[in-house]
């Protein structure tokens, strides 16, 4: 603790962060919560227990979870290959990683639908094989993978780049196999960043609307996402109902984020111990 | 020194000119498919207004989904006039005292200067042989229509189908419910907006028939090719009446009431009616309609008020939470 | 192409095969998931030739939407940059109560559905909202005008820089900064000479992401924009409008411009990396 005091700026940085967060994030969320409180408990329970709401929440959260796990695996691989290997076209490929952020979500949705629709570039080959992607839950997940992908790669890359190769070399020279080095040395060090990326990809996918809506099909009970239910509430000028659904989704995400933050601290400590 | 009177003279002239020729701005908040229509209307009306009053008029447009646009006006979008897809969206504005509740009586023809109806767009040659509403519930047929919960146009489609079943011999609510339910079982994709559905049908190649406003179907034919799609007009359909109104509180605040009212009345003039017809909306004036032979085939139509009371009742009964549309989805 | 210095170790055949396999997987994945959608955008944009493309983007509405999008990003990104650095500093250099909670709050904007994040500001500044009536009386327009576009964009992109910096600064530790302080550096000297050089690449990543997302966001911005064409229409909304007007070439032309803008910043980043590649290698911190 004594050591920490050497560093300046605690009051300034924390004060600034808390004020900024308060104005930009907490105040608006307070307005949302206040609006949501206009919905009675009974009405809320009725809303939440309706099979249609449940199905939509299941698709949004379940789909996002699958997409985030997929993104964590493939994102780790991509980040690894991008930072450790040299091959022609690497920088070009690296530049494309941020594409899902840069493309407007609606454009991404339209482009993905154009590719996977039965008359699309890939759809015309996949649909005859019985693999229907556009307008099914699979399509929803596809769009979710797309919007979440950069999070994992971009949180891992700086850490991988900064990571000391001496550790790996030392482990290797001590006779560890490649796999052992990866599992025992590298993965624990990457874990906090990987979990951050995973959490962000998950959180982003849960709420995503613009790109998912085009490819989802939006059939109730089957391919309808939770944000669409919110839009439907808004369409009836039912702000309280929309806010309530929004708060419910937010609470779910909040709990998920807290769990992941816990995991992160735990894995961070574990990495420190093992290093 | 002799220049001073000259300069004063110039300034005085400029001042008088600027007093006479004001710059007036009007904001028209509309729904998505009216952009082409109002681009023409705005041009014509601005020219007329300038010759009559000397003021330079700019009409700004905001286009979006009808319900969303109504909500934006509630939340403070400073619309002088609204031109939306259905009366309920203006009723919610009246509920919040943004305009008088008798708005629909302030202009002729239920405040709808132009109308349309719901028709079928099918692929060239009509391969599935679709001729009337009854053909839409054939098993295996794919019907494309947007989600009535999010799209105003889709609500007209829904009510058209319900009204058709009701007006058939022996038709009652139960039969209508069964018909609509069977129809929506054939819908593979519910887009959130009417244009989204058109894109799904035309671009993605999904579905055998698209339920669309007549003006939209004609526009699709014009834009995407007559050789690809055919319009099928059913025996009976709904008379879609997209309403217009001046938003009292905003127009008074901006001091634009006179020009806003003149703008909407212009829609009823022969010139306004001709522009509507050119943009594929059915004009109210029979004389103007007669100048577009073949564009608007005759069919039996019914209005929302005739069959469902009014838009408020229709909205509550069919589209609000727990309404007919929700119940239809629970049984699927 | 300059490779960063690596300890050379003889590469065995099986490992080389593994490298090639991994690279192939990555290339295939990115080809299908990222490049294909991008290719679709450009193919559609150029479907009717270069002339039609140029015509589509030279329209007044396209240009004004481009100006607006860049203007909004130019305000939102620097604000979030400062916030991100401050947040990362507080989060990684000090222990305090409620730190985990603060971290979660920083991430929160990502988990708010775009549909809701637009609504948030409507509830605050809309005519029926908390501050709406007061603002209206004083003639201040926030909602359905540029200020609300900026606010929503800040909200959506708020976590990016902080999230990029926190794991890195955690991994780096504070040894170098403490040493600088002990050696007599002032607070700002320490920040500009030690901290900033150490984090600049992550900072750059964060800013690029922030900027890309700020330009591409559609759903939330569309709630508060009012869609007045030529005034409050951003590029993503312009794309949607054109698509809905069956002007596919125009829609994809504007979309491809957005993609190009993003790729341009990435090209700058790549150039910087290539130019200063040696320095990056030097600045990888010593082990802890």
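When the chains are written out, they are named A, B and C in that same order, and each has its own residue count from 1.
Methods note: a residue touches a chain if its C-beta (ideal position, glycine included) is under 8 Å from a C-beta of that chain, and two chains touch if they have at least 3 such contacts.
Remember, it's a predicted structure, so these values are computed and weren't measured experimentally.
*Asks:* Looking at every pair of chains, which two share the most C-beta contact pairs?
*Replies:* A-C
*Asks:* Tell me, please, which chain's centre (mean of its C-alpha atoms) is farthest from the centre of chain C?
*Replies:* B
*Asks:* Taking each chain's centre as the mean position of its Cα atoms, how many Å separate chain A from chain C?
*Replies:* Computed from C-alpha means, the inter-chain centre distance equals 15 Å.
*Asks:* When the C-alpha atoms of chain B and chain C are each averaged to a single point, how far apart are the two points in Å?
*Replies:* Result: the chain centres lie 38 Å from each other.
*Asks:* Tell me, which residues of chain C touch at least two other chains?
*Replies:* Residues 129, 243.
*Asks:* Would you mind listing the residues of chain A that make contact with two or more other chains?
*Replies:* 114, 231, 234
*Asks:* Among the residues of chain B, pick out those that touch two or more other chains and give their numbers.
*Replies:* Residues 74, 196, 203.
*Asks:* Which chain A residues qualify as touching chain B in the complex?
*Replies:* 51-52, 113-114, 117-120, 134-135, 213-214, 217-221, 228, 231-238, 241
*Asks:* So in the complex, the part of chain C that touches chain A is made up of which residues?
*Replies:* The touching residues are 1, 3, 6-7, 9, 15, 19, 22-23, 25-27, 29-30, 32-38, 40-41, 44, 82-83, 86-87, 89-90, 93-96, 100, 102-116, 119-121, 123-124, 129-130, 151, 154-155, 158-159, 163-164, 166-168, 170-172, 174, 177-178, 181-182, 187, 190-191, 201-202, 205, 208-209, 212-213, 215-219, 235-236, 239-240, 243, 251-252, 255, 258-259, 261-263, 266-267, 269-270, 273-274, 280, 284-288.
*Asks:* Given the complex with chain C, which residues does chain B contribute to the contact?
*Replies:* 27, 32, 35-36, 60-64, 69, 72, 74-78, 96, 193, 195-196, 198-199, 203, 219-220, 223-224
*Asks:* Spell out the residues on chain A that touch chain C in their complex, using ranges where they run on.
*Replies:* Checking each residue of chain A against chain C gives 1, 3-4, 6-10, 12-14, 16-18, 20-21, 24-29, 31-32, 34-35, 74, 77-78, 80-82, 85-87, 89, 91, 93-108, 110-112, 114-115, 121-122, 145-146, 149-150, 154-155, 157-159, 161-167, 169, 172, 178, 189, 192-193, 196, 199-200, 203-204, 206-210, 226-227, 230-231, 234, 239, 242-243, 246, 249-250, 253-254, 256-258, 261-262, 265, 268, 275.
*Asks:* What does chain B use to touch chain A in their complex?
*Replies:* 67-68, 70-71, 74, 92, 147, 149-150, 187-192, 196, 203-206, 319-321, 326, 329-330, 332
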